[in-house]
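First, the structure itself, so that you have it in front of you.
Residue numbering begins at 1 within each chain, and the chains themselves are lettered A, B, C and D in the order written.
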Amino acid sequence: MKRSLRPLAATAVIFIIAYALSVVQFPNMLSTRVLGNFLTDNAFLGIAAVGMTFVIISGGIDLSVGSVIGFTGVLIAVLINWLGFHPLAAFVIALGVAGLFGAAMGFIIHYLQVPAFIVTLAGMFLARGGASVITQDSVPIHHDFYDTLGDLMIRLPGGGRLSFIGMLMIVVFLGGALLAHRTKFGSYVYALGGNPVSASLMGVPVAQTTVLIYMLSSMLAALAGIVFSLYTSAGYPLAAVGVELDAISAVVIGGTLLTGGYGFVLGTFVGVMLLGLVQTYIIFDGTLSSWWTKIVIGVLLFLFIVLQRIIFAASAPGGKSSEKA
Amino acid sequence: QDNLNGLTVGFSQIGSESGWRAAETSVTKQQAEERGIDLKFADAQQKQENQIKAIRGFIAQGVDAIMVAPVVATGWDDVLTEAKEAEIPVILLDRGVDAPEDLYLTSVASDQIKEGRVAGQWLVDAVGDADCKVVELQGTVGSTPAINRKQGFEEALAGHDNLTIARSQTGDFTRSKGKEVMEGFIKAENGGADICAVYAHNDDMAVGAIQAIKDAGLKPGTDIKVVSIDAVPDIFAAMVAGEANATVELTPNMAGPAFDALSAYLADGTAPEKFIITESKLYTPADNPQGEYDTRKGLGY
Amino acid sequence: MKRLSPGRLANPQVMALIGVLLINWLLFPNFFNVTWQDGRFFGSIVDVLNRGAPVAILAIGMTGVIATKGVDLSVGAIMAVCGAVAATMVVAGYPTPIAVIAALSVGMLCGLWNGFLVAVLDIQPIVATLVLMVAGRGIAQLITEGSIVTFNDPALIFLGTGSLLGFPMAAVIALALMVLVTLLVRKTAIGLFIQAIGVNRAAASLAGIRSRMLLMLVYTTSGFCAAVAGIVVAADIRGADANNSGLWLELDAILAVVIGGTSLLGGRFSIPLAVIGALIIQAMNTGILVSGFPPEFNLIVKAGMIILILLIQSPYVTLPFRRRRPTITKAASR
Amino acid sequence: MTEGQYVLQARGVTKIFGGHTALDSVDFGVRPGQVHALLGENGAGKSTLIKILTGAYQPDGGQVLVDGVPAVLENPLHAQTHGIGTVYQEVNLLPNRSVAENLYLGHQPTRFGLVDHRKMEADARLLLARYGLDLDPGSELGGHSVAVQQIVAIARAVALSGKVLILDEPTASLDRNEVERLFEVIADLKRDGLAIVFITHFLDQVFAIADQVTVLRNGQLVETRQLDSVSRTDVVRLMLGKDIAFSGATDVELVNPTNEVLLEFKGYGRKRAVHPFDLTIHKGEVVGVAGLLGSGRTEMARTMFGADPADQGSLRINGAAASIQNTTDAIGQSFGFCPEDRKAEGIFGDLSVRENIIIALQGKLGWFRALNRDEQLEIAGKFGESMDIRAASLDMPVKLLSGGNQQKVILSRWLATDPAFLILDEPTRGIDVGAHAEIVRTINRLRDDGMAMLVISSELDEVVAYSSRIVVMRDREVVAELRGKNINPGVIVQAIANNPDEVVS
């Protein structure tokens, strides 16, 4: 346990160093405003990434999260605006639909033995397509409840704000960490990622767990969609395109192995914050052209991965043999 | 306009998805440089969330003004309110937003519906009373320009029953998809013999469609009329070759009027017009396409 | 090496392709009409070959990568980079062969980089290639400075729009590449070694297979294929569109490989079937085009088709024509 | 003996894989308080029967009865709820999780609905102490040796078994002390009234603890007998359907008349893996390696083979200086290596038997001199026959073969390369009597043909039987080299134990 926590600590240290370096260059980055923005602006990504963490620890992948976020936004907007639902009712419906959607994907993955990559790719097309069939326009959401939630924030000294969605993300992360590390379900997820055959022989309910994992991921993606709709007060079928890749990056930077079996929910939090930091840094810098932005993000991604490999290699002599395989 | 000299302006650009967008970026940088403005540029890679992040970042940085080319019309209330609270004027480029008008200084944009209407009107006039089957190459499904340009075009065609939109598919605003979709249309419409005109939501798709028409053994511009929007250099090159018939200009210089408005506002607080609409000028082969090509070539399209 | 038997023709990929083509034909009766025009075949079915070529070319390289239990997300970006290199070089006045060779070299270099990350630094393939997926498009835009670099070089254009014996050049290139690479892996031991690495890399190393070198080769080949696809696509539209060339095509390529029956868990692979997978995807796209669906349904139709094809292929769903399979393969192997 | 009711019973169970009948209406049952040994050759169907009895497979015919009542066991979890605990063949645990979690997965102690790690680890410590294991229950399982993992698997199964405990070759990777400890535990459980199924290829062990024995052959039930009514030879005859002669223990001595030196390792070693050692190996000689589990025997072999290359010392081959930096070098020098963990490092599960056999030869030939299909079939067929590999077809995936047959495939793989020096790490682990004798015979034959071999084995009788010299290892160090006439297991044990600290793992 203690040794395996080292990559997490390492990622956190990298974040702190990177942040410190940024602050040296742009003192403004050390403001409550920027810190608050880190949470608010990345809330939907963070929430989706929690679900992705579970999926990846179990050895799978979920490419549909970005589309589910978009779909949820549209669904909610339509329910509230056109059909007159109360937002809370719309939320419940959206979470339910997403739950079914995820369960269906998990079902196909488990029972038909189709790779998750492909099933969730089809899911990605389906959700995105479904959203654009409902409406092609972006639909603004006007409801008092949305304003109430939007105003629900803690103002920090120095102009920063700790928004409702930022706090929600933290709650989801804490809940996710608890679920992963302190429940049987969590241990089953790790078991599946370690070795599904062994897991099944050890009595892990593989089918049920697989279905639940993808349900969880889709429902968290839907929650992320809700957060996104709060963030933008609208539903838009093209919203959150490619967020799955950001989420995967965050999860991986956070120290979770894509091969499954190892990872930390809180590592993902640091991963999300690191991605946010990179973006904020680029914005503060403000001289990078469109293409340099991409190149710099790629290079930073590379640096983080390599750094992590070095730390992994140094910290896990026991993992050596399995790593080599 | 010296009052802009030395100011810091943040510019949140959508991305770099097309040549036109690249031109807008480079023209904006040029304009800023001419005025001595320190431009903070942020590319949002087509994502609204990145634009919101960028605006928040600009606010945290304490810039003097913010320009944003919003990727979508909705969802700006909160962040614009934050900018307002921080007393930073915001100027919208390209398109408007669905937010209360007091949240931004002004919006410099073209009228996309009008662009479609101008293109449609040109076609109506060019065809006269003859029957004409039109095929349409739409932009990215769900994007604002695609929706508006489609609507404007349909408005222009309304009431002219000899003109029908036979087929309409998305070409994703790209040249290669434009070509592929046009190929499909040609096969589906009797080898292209039934098609009298193609309307593309941007010039890139039109350029692709022109190639598809040529590959099918037909003459673009004559056998099938080509009308599109944006006025990028390559469509003028096609006009010179007699392969394109009309394009509607969407100027990449949104920043110039924006900076002018900002300057006036900062000088004595004159509130500029809320909506500065750029001209949607129609260009045809009669408008010296070679000259237009040459003047535009250097703009970074 | 593999004998042709009726069983091989009745495999699910071929059935699926035929199925999709038949559906297209039902929706659009002229689908199979082919005419001869300007020295080339002309018709929807030819379009399927022509438009399917880039993804097919990508799939050829991707198959090897996936067989080693990897995946290459960067091929779309590499396409953009290589298209940009070829275009800017011919525009700058270099002779076409030089430009093409340079573009292919750049593609191989990109692939080698991926291979290095995967084989030497032991980074997981998805992440390793994600780096170039993100940065590569930036590099391509850096080369073109964000604009579409239009060119008029006839030799280069021929690669994308010309025809050989009436068949579109892109399809001919894809076919040639398919035959070449298939022969390369089947007539040598490389194919077996690739499978061995995909199944059990530790055991492969102990059995004396140079897995590092082979992995680098596989990723380099994928980069090469991406470069070919990038050149073909640029040549097709006579311009390098760094922003959109190959955008999201990596997903189509992976899909093609999986539809072609290669498992994402590595091991057995078939390049020709992956190419058929690419044609299935393109037949779907072309079908959507000619049948006149409203575009907002495109994705839903596509998702539905993918699920259907996967169901047909799933070992856990029994369909009439699958029942015969085991006995046939067994008989053939004896 | 106690004629109680069967707690777990298979009645007329049939299992068919593809066209192959792995079990053909087999009857089998266990009673409380009895140890029931299940015997049979490799591929006889033992593991398959176990998997059916525990819900991992569903039978194609027949019934499973729990407490005399027909039951459909849907999965292992379901079986666990019936009080059936199982250790499957090949360690099936989670290397990525802690020891404690492997012990308690699915049954973790909870507090307020949350897993109580502290209690779980404390419980785990107590549980493992019973098996003489003192380690940090919070540590990752994958970091421990196969033996430790095996004990954890057993401890888990025992903890889960309220009624029935099934052990499929649990002793394959345990040393003597550990086996004894396990037998004590089994005896306790038997006294508590558990029904125990025990699969092994070690007849000594069968006679040490079993009450009853059932023999399977080719998927069919041969006979179930009370153990006191059969002799050792009877059992072997039942298993094989014929008599075999045991090769008696020979003296350990140099057989090779030419005495030609093949390999000279000098100060050869690798930091943190194996201390520098000197070793000379002659042609036509088998060097046995003995030592406790975790004494570094595997590490030594891997260093020699270049899998984890040496970072010190020198090597001469046929008198000429040579360097082995990787496995390709080693194979180039005509080395061969059968690893101990055949699942993780040996077989290519999804590849065919044919491909598994020819792959090392092909690796040696390189990328471009590919064996064509006919050549492959010829080579594979030759070894399939000479090693008696039981497979329905040479084109079937090797993962479908039984463990023993997989081992033969790997051995064939190396023999196909015609090696000058062959390293075998636990070549007889999990192999039945017939195959065992065959492999020992093969080793002897190869030695007589002039091949040099290094054989690692925990079976001291066996090591004595074929070795011309025995190297003893302790704590990653070569501590003794035994040769001469009067070497027997006792002497080896003494050499191993020549040091007071001999705590396992």
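By our rule, contacts are C-beta pairs under 8 Å (C-beta built on N, C-alpha and C of every residue); 3 or more make two chains touch, one makes a residue touch a chain.
The structure displayed is predicted, hence computed values, not measured ones.
Of all the chains, the one whose CA centre sits at the greatest distance from that of subunit C is D.
Note: centroid distance subunit B to subunit D, computed from Cα atoms, is 71 Å.
Subunit B and subunit C have Cα centroids separated by 33 Å. A straight line joining the Cα centres of subunit C and subunit D is 44 Å long. Residues of subunit A found to touch two or more other chains are 132, 136, 289-291, 293-294, 325.
Counting only residues that touch two or more partner chains, subunit B has 16, 22, 25, 141-142.
For subunit C, the set of residues touching two or more other chains reads 141, 146, 200, 202, 205, 296, 298. A list of each chain pair in contact follows: A-B, A-C, A-D, B-C, C-D.
Those residues of subunit D that touch subunit A in the complex are listed here as 56, 75-77, 79-80, 86, 88, 92-98, 101-102, 105-106, 108, 110, 113-115, 117, 138-140, 142-143, 156, 160, 344.
On the subunit C side of its complex with subunit B, the touching residues are 28, 30, 35, 37-38, 42-44, 47, 51, 141, 145-148, 150, 161, 233, 236-239, 241, 243-245, 247, 285-286, 288-290, 292, 294-296, 298. Within the complex formed with subunit A, the subunit B residues making contact are 10, 13, 15-16, 22, 25, 39-43, 45-50, 52-54, 56-62, 72-78, 86, 98, 140-144, 147.
Interface residues of subunit B facing subunit C in the complex, by the touch rule stated above, are 16-19, 21-23, 25-26, 138, 141-142, 167-170, 172-177, 179-181, 183-185, 187-188, 191, 204, 207-208, 211, 215-217, 234, 237, 300-301.
The touching residues of subunit A, counted against subunit B in their complex, run 26, 28-29, 31, 33-34, 37, 40-41, 44-45, 132, 136-140, 150, 159, 228, 231-234, 236-242, 276, 279-280, 282-284, 286-291, 293-294.
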